[in-house]
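Across the two complexes that follow, chain A remains constant while its partner is chain B and subsequently chain C.
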Partner chain A sequence: MNEPVIEMCNLTRYFGRKCAVNNVNLTIPRGSVFGFLGRNGSGKTTTIRMLLGLLEPTRGSARVLGCDSRDLSPAIRARIGYLAEGHKLYGWMRVREAERFQSAFHTRWNRTLFANILDYFRLARDAHVRTLSRGERAGLCLALTLATEPELLILDDPALGLDPVARRALVESMIYVTRESDRTILFSSHMLSDVERVADRIAILDRGRVRAYCRLDTFRDRVRRFVLRFATAPPELPDIPGLLHTVRSDNEVSLTVVNPDERTERVIGDLGADGVERVSIDLEDAFISYLGERGDRGFFLQEAGGAS
Partner chain B sequence: MIAIIFKEIREHFKWAVLWMLGVMLAMAFVLVPESIGWSGSRIQTLCSENLQLLMSFGSAIGAALLGMLQSITEVRRDQCAFLFHRPLTRTRIFASKVVGGLTLYLTAMSIPLLLATLWARTPGQFAAPFDLRMSLAGVADILTGIVFYFGGILAGMRSARWYGSRALGVVAAIPCSMAVWAVPEFWHALIVIGVFIATLGFAAWGSFTSLGAYEPQSRSARFALGLSVLVGLTVIGGAVAGITNVVNTPRDGQWVAHAVDEDGTVICIAYDRYSVLSITDLNGGAIEKYATPKSRENYRRTTLSFGFIRLGSRNRWSGYRSDTRFYSQHGALEDTVWYYVNAARRVQGYSVKTNRRVASFGPDGFTSTPVAASASFAEPRVRTSYSDCRLLVSPSTAYRVNYRSRTIKPILTGIEDSVITGACMVPRKGGAKTADGIGAAVSTSERIELFAEDGSPIFRTPLHCDPAKYGVIEFATTAEEDRHFVWYNPAPDLPRGERMTLPGVIVELSADGTEVRRHELPSQLKPAGDIPWHVSLIAIIEPPYLVAFAGVYFFLTSGLDLSAGDVSANILLLRILIPNSFAVLCGVVILVTSVCCALAAGVIGGRYGFARDLRRRWAIICFFTGLGGLLTMWALIDWPAREACASCRKKTAVDRDRCQHCDAEFPSPTLDGTEVFD
Partner chain C sequence: MLLEFHVSTGIPTPVFRQIVDQVRRAIAMGSWQAGDQLPSVRALAEQVVVNPNTVAKAYGELVRDGLIEARQGRGYFVADRRQVYSDAERKRRLDQILWSLVSEALVLNFTDDEIIDALRRALSGFRSASGHEEGDSHE
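For the complex of A and B:
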């Protein structure tokens, strides 16, 4: 059951001179829910487009369901559900026309599921797609994708522009898909609470490079925050291994560190703090610290305010 | 597939309907005035040049726009992600889109043509005959639109800039349109269209299935794409060269014409643009009566008018697009227009009031009732000019036609030793025509025969020049009918070089047809103008393969003579594009350009790590195609970025797994210790 559904080997893509995806090596096992995280422009969509053969890799390769991504056969495509970023549909189509269009290509078409999702999003069958709200359009896209009962579901930022209720529906739909153990989901998202709810593994892309590729628990465990209290003003910080982020106040320093080990703790201990507290942080804080500005910096507006 | 076909039809239906209505409206503007009434101009119905232009431009623009619309809407904002992730091969998606698009296009363009055809063939609509084959020009234009349709898809799909090479797909279809207009037969047009459809269709298919990229395409698609881009660049190069030619051509407006004045003197009229500079005799001597500017400007009042015979029945303008293939206007009198109808071999008269056929005539005379096929002329007509409508000539018989009295009378028949090659009415200055005055001249393969107004023979005289070379014969007579002049001109069909060097001949005959005098006119050869040498630099953009082809073609057909200093001696492209005598200089420029382009292709290929075979191939292509080939290479290839190799520090293309210089692998991104892996 753990054979890979997606394998990427040195996957690289340049746009002109800019390297959008740099030597990505990832393996996504069958049955997993894989969160693909990263800031805007980090290369998530480019990677997904390469996986689906919509973009040619500059270098390297990827295999999806055992088939080279550059040459996905119709039979393989039928096993992959893809929800593109921005919920692409033809605006002139009505909802029922979109259903007819999509179902014409798939021998497996779950009418009940499609109808249920439409009902959940309160979508009228004769509404034009161009008149739908962003959430409704997302609902329709979700229905069109899930009704094909795909073996591999690839969702590119599906929560974009959705309200909390719609996002909850999205999460539930992912849980619905994974009711069968051989279903795999790869989804990119900025909604970390959603990722936390469903993902069991994550990969974090930063400027095209993979900086994290692990189980969700592992990531949370490896990113830690230490709060150091001093009697006087905190001293200048030495070079702390794995230091991601520092926040200073009058007599307190908050350090966010990745992969802390004994050496890290020794360096922190040598700072002479009156007290050192380990604070647990959620995925969002960990993510922001991980991909935010490094070092001892405050928010840029504070700097701007200080200058005025 | 059906779902995509219907989707395409549904998506673009409204645009197709709008286009169809626009074409129908424009057609009405073109055709309705011809149907309202005869105004003295030719009635061409479906062969009208305006209608053909409308069909040609309407098909080309409509099809190209539809092709672009079908492709751009898919690739814009990543919309293709929805369409392309179907459990279908991309070839089938492409085929479905094409079927849908062409269904719309062909319907939108065919319905107006069909309606126009039905309207034109309904009796009473046009005062002219109708033949269903007259719609073939429109059919060819519609089929040419398919080429533009693929050009539109290609332009829509290619990952290139609009101001760069993206629109070249559409530009590459333009030569197809030009060829379809130029070829004489419909089946020739079909072959041309087929070749272009195969090329641009393959190119469009390749670009569609690879979403605009070049490298993933199959070899055949890449070849077709390269050919399309090269053709597009050649068209643009030709346009640039043409404009440069027009800008740089010296405006030497001086030229010389000849005429015969009423005294029988052959005169030379020197023009500066449109004003007469001087009038002299053939030896350059001044003529007293043309001493004043006014007399020179009015010299036509005192010169003879010539009737005109074009030997041979072949008409270069009677291709499948021309109305003269089916009929030709043969006269008009009061409310009836007369046409010689080729298929019926009879002359038919149409009322300009009712637009209906009211009469016809054949060798048996005029009739107002339908006639049997046996009443047709036995042989096809020998073409005469419109002004000679009172003559009707076949290879064995020449007829004199009187429309007013509705009679037809053979004036020359039963000749055994030769065939009739042409005829003309003989214009005459001054005096009223009499029944026994000179009326018509008929040329045969051996002689010229002169007839009086009433059809009686006056004299016959043998041809004075070789009719194979002198294919245009003009005939004039003095007011007193005591002297006649036969003017032999080189045949327009002769190779250009020969035509330009062959002197015209004017033979003066006495009243009984005896040769009195013979004048040779200077050839039309003009020395090349003094064109600045830098104009020859335009040869940089001329494709060497085309120049070589044209050179060989002209050498074989007209005898290339670079030393003649004659504009016409230059090879085709140089003659058309660079009207100077620097052909050799241009040849050197082309050769140097070719070598430079081949070297550049090799160097560029080396920089980007092309395989040896590929470098060699591009170098050869660029040698034969010159700058166009180099630009094609630049436009086609998805040029990868180049980065310094971590191992050897030399720049290497990033689309390879290993450095092209030292074969080292690209290193993985460096780790900084903040990575989180299981």
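For the complex of A and C:
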């Protein structure tokens, strides 16, 4: 496999006594589109800020493009494009002034690409930034980030507050970036439909810890639902390894299980159901079950033999 | 040979599986013939707005199953072979269709005989409309 673009090693950050990021070990290979998932406050932004050297790790370290994140040189930074959460811009600037301002910090600036993205989001060059809609601001931020043609693109919740049309434009722009096969994208998102379209690998953070780190298809494949039908009321359930979510009705039990194996099948088989149906579930359902409050929270889903 | 591909999100079927199914169906129905060229991975990825690796994975599975073939430097083409699904897969799909048909029909209060008669009528209606003879292979 290619050398990793990002490597996090026991990355940890406390704010006071609160642990925001807890011993995170993740590797992001070159050329991947990596979806960084998790509920609000799970530590995604804190992790991203440490990767960019904007925040010191309390413990552990991260290497970005081969360089320690606390020590990123201007030359390395020039290869990273960062879209901060919330699409922050100077409101008094006009769109074309924002371009002039931003491009002054960069040696590489693709004016054609910048113009194309503005057209894509239908942005007028002389509009004041403060008058732009959320979608337009996102488009401008994206254009400002992509115009440097970064080797590593880090997008912190780029879809926040966007309407479906703007979100589609965002996803299309991300797919456009993958035209160069050595480009890597790390993006955090709550929009699982976007994740489904664009991510090939994911990590799920839960209260600062990594709960899953694998290919998107692996995650979908390993979270399964079994529907058991009974002639009478369903029996009490024994301990089922990896059980995430249970729904009981008069004569049915639905079990959402992570990583079911022969042992799981045996335990389910021994319940004496009249019929057992394996049901596929969508990504959102799988994600919600995985992060549910009552499920087995200790479970860590990982690619067999690493996430390569 | 243009086929309208559709990819939906938020459904139980993963995106790569949707692409595999649509290519299989196009070949099974004869919309795509042996030797026809498929869209390139990049072109299809941009058309349906998904990660190109997902399209590549779908094409990879279709190549492994012998439905399409990769020709060096020229792209992907529909292969000569006509058997689109394995016997086990055909049976699984038929069971799936029958299960939903039977459960819906029973909810509507039809008797077993009525359901079987309706199925026979539908079969002969379909055959006379499409010119298929009974005993035609599944292709």
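Observations
Rule of thumb we're sticking to: the second predicted complex is superposed on the first by the 293 of 308 C-alpha atoms of A that agree within 3 Å, B and C clash if a C-alpha of one lies under 4 Å from a C-alpha of the other, contacts with A are read in each partner's own complex, and residues count from 1 in each chain.
We take it that a contact is a pair of C-beta atoms (placed from the backbone, for glycine too) under 8 Å apart; a residue touches a chain by one contact, two chains touch by 3 or more.
Keep in mind it's a predicted model, so treat the numbers as computed, not measured.
If you put the two complexes together on chain A, you find that chain B and chain C both fit without a clash. Of the two partner chains, neither chain B nor chain C is touched by A:Arg248.
Shared-chain residue A:Ile281: touches chain C; no touch with chain B. Within the superposed three-chain model, A:Arg17 lies in touch with chain B and out of touch with chain C [touch as defined at top]. Looking at the shared chain after the overlay, A:Arg70 reaches chain B, while chain C stays out of its contact range.
Within the superposed three-chain model, A:Glu172 lies in touch with chain C and out of touch with chain B [touch as defined at top].
In the superposed pair of complexes, A:Ile80 makes contact with chain B only, with no contact to chain C. Of the two partner chains placed around the shared chain by superposition, neither chain B nor chain C is touched by A:His128. Number of chain A residues touched is higher for B, counting chain B against chain C.
Annotation: superposed on chain A, chain B and chain C show a minimal Cα-Cα gap of 17 Å.
Listing the residues of chain A that touch chain B in their complex gives 10, 12, 14, 16-19, 22-23, 25, 49, 52, 54-56, 58-60, 70, 73-75, 77-78, 80, 82, 84-86, 88-90, 92, 97, 100-101, 104-106, 204, 209-215, 218-219, 222-223, 241-242, 244, 258-259, 290.
Contacts from chain A toward chain C in the complex involve residues 33, 168, 171-172, 175-176, 178-179, 192-194, 196-200, 217, 220, 279-284. For chain C in complex with chain A, the touching residues are 7, 9-16, 42, 45-46, 49-54, 57.
Taken in their complex, chain B has these residues touching chain A: 2-3, 7, 10-11, 77-82, 84-89, 210-211, 213, 215-216, 640-641, 654-657, 666, 668-669, 673-678.
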